[in-house]
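There are two complexes below, and they share chain A, which is joined by chain B in the first and by chain C in the second.
Showing the complex of A and B:
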């Protein structure tokens, strides 16, 4: 698992800086505003999926609690910025801190158990979102069941107009989430988490401070998820309990991470890009109703057939990935996708590349790929 | 005072229904080491099938048991077969059944739409009928669910204690490898037990269809209650599950009349936390046993 080092983070940062200036040159590059909102959606899910994976993927403790952390962030803005007139940027921070505090409580209760810690943790995180929803429903200061508007908040104008601002805020949090994941993966903390995932009892015997490591990672996850949720409240505009605490957020972060692969920070990023792009195009094409069937089916397929996730598969099969992507672009071009949008073309490329990577190994060159697989497996 | 005693009585009865919903879950988890979120889908779909049979075909809701129990019993067995076939671990089972749960939920909303559905009173005379004891009235659907839950809890206990199948199940729960060495066919026993759990889910669904309105998202709302009951009762403990169901039902009902309906989930959750902190094996849970 040493395939990430400081240079990786520097490259990530460079990409982020380039993306930061995307909105500045919108006139010159002449692309529609929709691209910025699509970019924000991408950043939002990259932040959510990466933060989820930093704890769950690395430690093996399964969390359904993403919705609770996200919801804490959303309501921090809806309550403090809208009803109490706190400065917006401060409420973002408060959202992250409240989410982290919730994570801390769950962690302290569950990680003290000797047995079934993993299972109970999963169910606790599932239950916490419901409890928070019912607290919000009872308490008129939070929501009271009526929903809360998040418009008319004074927006920080140094970030530009609304699409530019939300794009840049999303970019900041996504970069933070990805760099945090990279840092955890290469740090002592990450090694500790991996040892917990492999065998917690052995790790403990060998002197890994399991309790502290788990709590630390969970705090990172919760803080970033809360921060990202706080920013997302601006995008939602009108906050309701049903939407915020629905099963949708945990479902999608789980799908993205499992799809991309949970053992490497790149996994959730790949998963988020694939899911957001394909989902956006499917919805646009009017397949909204079957998107849940696809989501559930994909999750099952990954668990049964592609346990290591897309990212590691792509690394072991770069040729297939590239050929699939190019073939997808060609098909898209032939069908006239470029007339519609670049995103449609991207969706074709990604879709075909994913299919090519997921097909069983034996369908293409045999011995070579198996060798490459063993190599990557030993290096991570 | 009569309001309080009425709510305690209905709380105990609804607790029977909770126990019925949780029993299959508890057996699956305690013995087969499978956290089966599709269990909730089975309850939901069984409720919808009951609705369909009663409203469209005019069946007596009780008769729906004849269809749903074999259907979801087989469903449970098929699922267990797939778990064995693909060597699904405990954690993967959670994820895989989460995928199934999402598929079944959207199946329900495709077939029956996202609107509230309720068997009309002409087709379901039981919903409005109740048994009066003094000032307390007990609704027939929940009363029957309670009676059935008690019968099933004791029946399952007998099955586990006294039969060859039961001994095999307990051996499996204790140590799968050693049980196999002593000739327990774990595939066969697991599938039978999963079938039983599916049948319990089907029964719970029938009573839910008789007593309340249905919508696809309702299954998510059962998560908190059922997991609290399973953990409070102790994994795989039949009597514990029955007792925990009754406790949670009663406490929830009392909280509802005292502090309002939205506080019930909060109180249930506090019970769950207290259980985890002070009695993690559950009320009657024996370590590794059933």
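Showing the complex of A and C:
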């Protein structure tokens, strides 16, 4: 387990503060509004993936519950802010709390029973999202099957125009999610979760309060996912059960976290940046099908060849990563990618860097493991 | 007195009675040898006493604490720790991280950075300091057994169950390990050792308890107990005893 300390969180906060003022200087820096919306999409997925990873990546309990937590947040705004005229910011908070309450119920029921480890836990969390979707569908106070508009709620003025506001709200939740993940990773809670992931019975006999720790981590995950979902309802505009409770959110957080690596808080961040950037560019270029093909292919390659995930792999091969990134930028420039944005350039850089750390290393890794075997043999 | 006492311990697995009305005690400061043929219930007894399994019947007390219904993570706070017969290290952590985890929990939890420093001491005690930052899959069986021991010691126990820590080791390693067990005992830790190797038990134990098919068949001084008819029968079978006699 690689360590992280308080300085990491200070750096994260500094970056967040700088990003906060990006919209203020949009005129001066002269970049398109689209950048802010792209930034929001990044923040949304960083928040979702990081929060998912804080429970599942660290504890090893595979959860499909992200959709349920996210959905609880979305509908908290759709019901309370739209139909009941509650203040918007308050409904964000309520979204997080409702999601956390659902997490608490799942946790208390499931973690009491020793038998419900592994696959059964994953299926239980999946079932919860289905149950919630059906409740929302039949209950007229929630949705009733008609869908609900969220585009006419009064927005708070002090956060600026819509792109600025959504960018900043997304930034707050992403920062919260990342700092929470960093804190968990370096705290006693994190070490407890890692030992649960490796061997829960041993962890318990060594003094780890496994029940309480799993509940705590699940609460953190659910609260952040709900909060992020509540804010996302503004971006969706018109919420429907089919969209909100689709498999998209749980599937993508899993994909991003595994791609980036689940053992370090930075894994989901890297995974989200790579997937969002590549997806966005391919979609914009009109290659939706190819975009899913590429993300799916990356995931398969990752599971087979780079078990520790992109982030830890990039950290052990910094030169390869940097050269790949610069080469990607060069290729992007040569192809005239500066059509509308730096995002295309970023996509080239990331894409080539990912390939650079993944592909040639398979035989490099083989040489290394042979070395390790020789070492073990000489010991034995 | 913080003696461990247990009475009428029963544990069933399906139709098999692994433990059937086991009574006993572990006195402060002694080395109790727990012996018996394969499947006699030695490991099951340790699993029950350490909280790894819940007993179907019976009571367990340690000093003033009633352990019978305590969850395992609370049992270790009273000062009981154990090793596993087959090493069960945390596989994604380094050797040092494995040993630092128990320091972060239990009766006197340390903050993670401090736990790391304390863990280094027990790694050195077991001779693993050179492997501190190695991943677990680069350790051999002998080293894994020692890591298991270091991790249990990191829980700062007053009473430690050693479940076959020496099995699978070669004679030289066994001699060194016996020395290490003596040093652990000398540091003030009460020991319960489960061991197949009679040599080890008779050399170390101040008292021996013999289990056979889930019941206690003998309990007392090592030399006396190992000559006992019932014990010889349990170990070697009836016929060999008649042939000897």
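Quick notes on this structure:
Basically, the second predicted complex is superposed on the first by the 351 of 380 C-alpha atoms of A that agree within 3 Å, B and C clash if a C-alpha of one lies under 4 Å from a C-alpha of the other, contacts with A are read in each partner's own complex, and residues count from 1 in each chain.
One rule holds for everything that comes next: contacts are C-beta pairs under 8 Å (C-beta built on N, C-alpha and C of every residue); 3 or more make two chains touch, one makes a residue touch a chain.
These numbers were taken from a predicted model, which means no experiment stands behind them.
Of the two partner chains placed around the shared chain by superposition, chain C is the only one that A:187 touches, whereas chain B remains out of contact. By the touch criterion stated above, A:197 is placed in contact with chain C alone, chain B being left untouched. Shared-chain residue A:286: touches no atom of chain B or chain C.
Once the two complexes are overlaid on the shared chain, A:154 sits clear of chain B and of chain C alike. In the superposed model, A:254 lies in contact with chain B only, and not with chain C.
By the document's definition of touching, of the two partners only chain B reaches A:122; chain C does not.
When chain B and chain C are set side by side, the one touching more residues of chain A is B. Contact with chain C, but none with chain B, is seen for A:263 once the two complexes are overlaid on the shared chain. When the two complexes are laid over each other on chain A, chain A has no residue in contact with both chain B and chain C. For chain A in complex with chain C, the residues that touch the partner chain are 1, 186-188, 191-192, 194-195, 197-199, 201-211, 263, 372, 375-376, 379-380. Contact residues of chain A toward chain B in the complex are 60, 62, 109-110, 112-116, 118-120, 122-124, 126-128, 130-131, 134-135, 137-138, 247, 251, 254, 258, 289, 292-293, 295-300, 303-304. Put simply, chain C touches chain A in their complex at residues 50-52, 71-73, 75-77, 81-82, 84, 88-94, 97, 100-102, 104-106, 109, 111-112, 138, 140, 143, 151, 155. On the chain B side of its complex with chain A, the touching residues are 29, 35, 86, 88, 90-92, 94-96, 98-103, 105-107, 110, 220-221, 223-224, 227-228, 231, 235, 260, 262-263, 265-266, 269, 272-273, 276-277, 280, 287.
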